[in-house]
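Same chain, two partners: chain A is paired with chain B first, then with chain C.
And then the complex of A and B:
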């Protein structure tokens, strides 16, 4: 009975297995990126880059139709352009980075919707905006898994420079030339993972699997390694739950996954070890020293 | 001992306005120098220039002549994100960066150095605490522990005792004196003249230009300080282009 509910759908249908594998790869690659984005107060940067991918993917679609390669390439180029432009504007003008990001992503979103609707139908637009996790083909899975692999390897190798770039960038610049490598390398990884997530969840929700589990993990653990583990595991479990919900009660799968992650965030907010209500419950008596 | 730092006709600034204007001075190797001056005198700017954070508009800074020198720089408002979950000992261990680099983990003798540095600044027992839980004084002690491990020949401190109690300041001054006895060169921006008189053999009075340079008692005179205040008030939004370099 429980087997039929929880395991059966994945054994029976290959599209469910593919979706699960795609989500596992996203949980391993995108969620650790989300941990660093939330710690650096860059959650909205992730959002802006995700929106920026849309016009790039749309141009790819306009040129080559629903082609994985063209849309991926277009998305990467557009995402990186906006990430770097926003950084440049913030560094060289008086505008703050959040304002320039907001400007760029509004432009991107409008341009993307315009380009897709010039040629495609509303169905195509929905595909780009909300993804097709239940229709991942071999190439798309390879792409997402490849991005996850590159991400895990690079995060492991560049862990120390990246953490220092987050905590004390001035110090990192004074002892090492790796500061720009860490900063821009991280942005490139973020864009790559958003492009991977876009194939499964669409441009609007790719950022959800990055940010929601990472933000929720903050209420359970207090160190970077722990955040990555809790974030990735919960991202995968939320994806599996979302897929099962979409299977059993016929919900669109992308929103089901993101809403499950959202539910986990709300639950963590309420009863996580480091949440405000739990901290109050734990003890009102103060310590000796 | 030869010169550690030479400023040659040095102009540093922001948006074309000079914060340091045609400065010439020599700071000897192994010296302990306090930089004093009114707000807006260019003290922090000068340290940024030495630390190579800011490029000169004109002139140059020669650090350490021919030798390869290690510079450790403690900025006034460090960009440290105290909300980031990092443990005190991990932060201090980053002082070993030039030794262990970006990828290798510290060996056991290097971990012992971290423990010793924490003990030297009086933070034993704080190893696993998150940096966000430290008070202002404790954070400064932690940054001094990291400086200790950096083992630099030139140490730049920008107002290291601002908003810090006398006990902590006294502890940290003791560390500065140990560095001085190890013939490292130390340049510190300070505001407290009592500290300068008590602990610093020489002081450089700055007000965008060099006002005076020598022992504290010969430098921090009433007339010099009055002149420094006057020089600092001259900031003009519509200033003309400086021609002093062309005449030279």
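And then the complex of A and C:
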């Protein structure tokens, strides 16, 4: 019976399997990026960048319709442009980083909506915003899996500078020339994963699969490696659960996945090992003279 | 050279150009139709006695349409607004009040017996479902299926309502509207017969079709072809895995091997369904909007003709 409910749908339907594979790739690629984003206090930056890729994808859509290559390329260009511009503006003008990023992402979002509205009917806009995890074709899966592979490899290679960058960027700058490589390379990876997630879950929710499991993992482990592992595993399990909910009780698939991740976050907040209630329940040793 | 004379002359010319529009002979009354199919029907009845503007153009989706300021201007200038009704244009009330339009709104579906929003699969009643122990009520956009124009019998009611509305706006043209309507009704009758005889050539067990959203309820009801879809009555809703799974199971069980893409929907989901069930994409159907002017369905008559030919063409080969 359990088999029927949990495994059955995936055995029976190819589109369920493909959705699951897409989510697995995202869990392996995007969630570790999300871990680093949360450690570097750049979670909202990640959100802003997700919206910034919209006009690039929209231009790609305008040029070539719902073409994977065009929208991906457009999204990457737009995401990187906004990331670099925001940093540049923050460094050279009186604007702070958060304000300049907010300005650019709002401009991008409006531009993106405008561009999509110019070409297609509004149905297409809705699908661009919300994605179609149930309709991942071979090319889309190859893209997402490719991005995940590249991410895993690069994160492994640049693990130490990245962690150092999160913890003490000044120190890293002083002892190594890898600092700018780590910083900008990380941004490139973030944009790539957002673009990948965008095809499956859409603009609004791609960043959800990046940030939510990573934020929730913080309440269960305290070391970076652990965060990555718990984050990826929980992202995958939340995706599978979301897909099963969509299957059994007819919820739309994208929101079901993200809301499951959200529920996991709330639960972690309440009863995670390092959550506030749990910390109180653990006996603490008082300082004794 | 700015002399007094040149100044006076240019002032007169400027005044003339400003006043001239007001002196122009009476223009054609402006009529606004909510979407392309309705616009075409109103144009057929009104002929060249009216100047018609359509809000949701070809290949546009009226379920999720966002009106623009140009639309508000068109509505404000209009003498008559014609809408479909039955909850099709959810955005219209706000547009009308925003434009400050105080004229009459003609509802084309008035007096029509509408089909209620319900699961399409329950239509014929003899449809055996393998393991359907849960009958899900999908969220519908309104209580009734708004796509009434898919049945030509209903379009006769549309024409009657439009004639009434145009006549009350412009009583002088009553005769013209009547004769235009009579001519159009004759064409509609001919098309209706065409469709019925074409479908009669299909074997009974081949009259099932899959498309993107539940837009063909009236067509199914009138002409006896069963339509199945993963998304419900309005394109606003997103498909759930359960809906897609149910549809795939049904396609496999009922041996439906033709799937039809709609001109207003995202075809990726349909492609995925087609791939999983080995079904063929049988062609494009026009459900909620006409095609662009260089497309195969740029008038209502051509749209219905294209649709039935695409359907019977694919189903005959199967």
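Throughout what follows, the second predicted complex is superposed on the first by the 284 of 289 C-alpha atoms of A that agree within 3 Å, B and C clash if a C-alpha of one lies under 4 Å from a C-alpha of the other, contacts with A are read in each partner's own complex, and residues count from 1 in each chain.
Just so it is clear, a residue touches a chain if its C-beta (ideal position, glycine included) is under 8 Å from a C-beta of that chain, and two chains touch if they have at least 3 such contacts.
Every value quoted in this text rests on a predicted model; they were computed, and no experiment measured them.
**Q** Looking at chain A, does chain C or chain B touch more of its residues?
**A** C
**Q** First (chain B), second (chain C), both or neither: which does A:39 touch?
**A** first
**Q** Which partner does A:160 contact after superposing on A: first (chain B), second (chain C), both, neither?
**A** Only chain B is touched by A:160; chain C is not.
**Q** Now for A:222: first (chain B), second (chain C), both, or neither, which partner does it touch?
**A** first
**Q** After superposition on the shared chain, which partner residues are touched by A:149: those of chain B (first), chain C (second), both, or neither?
**A** neither
**Q** Would you sort A:173 into first (chain B), second (chain C), both or neither based on which partner it touches?
**A** In the superposed model, A:173 contacts chain B only, not chain C.
**Q** Can you name the residues of chain A that touch chain C in the complex?
**A** Result: residues 9, 12-16, 18-19, 66, 117, 121-124, 126-127, 130, 132, 134-137, 243, 246-256 of chain A touch chain C.
**Q** Please output the residues of chain C touching chain A within their complex, sorted ascending.
**A** Residue positions touching the partner: 59-61, 63-66, 136, 138, 235-245, 248, 264-269, 271-273, 275-276, 289.
**Q** What residues on chain A touch chain B, complex-wise?
**A** 39-40, 157-158, 160-161, 163-164, 166-171, 173-176, 178, 222-224, 227
**Q** Can you list the residues on chain B that touch chain A in the complex?
**A** Residues in contact with chain A: 51, 53, 71-73, 75, 78-81, 84-87, 91, 94, 97-98, 102-103, 130-131, 146, 150.
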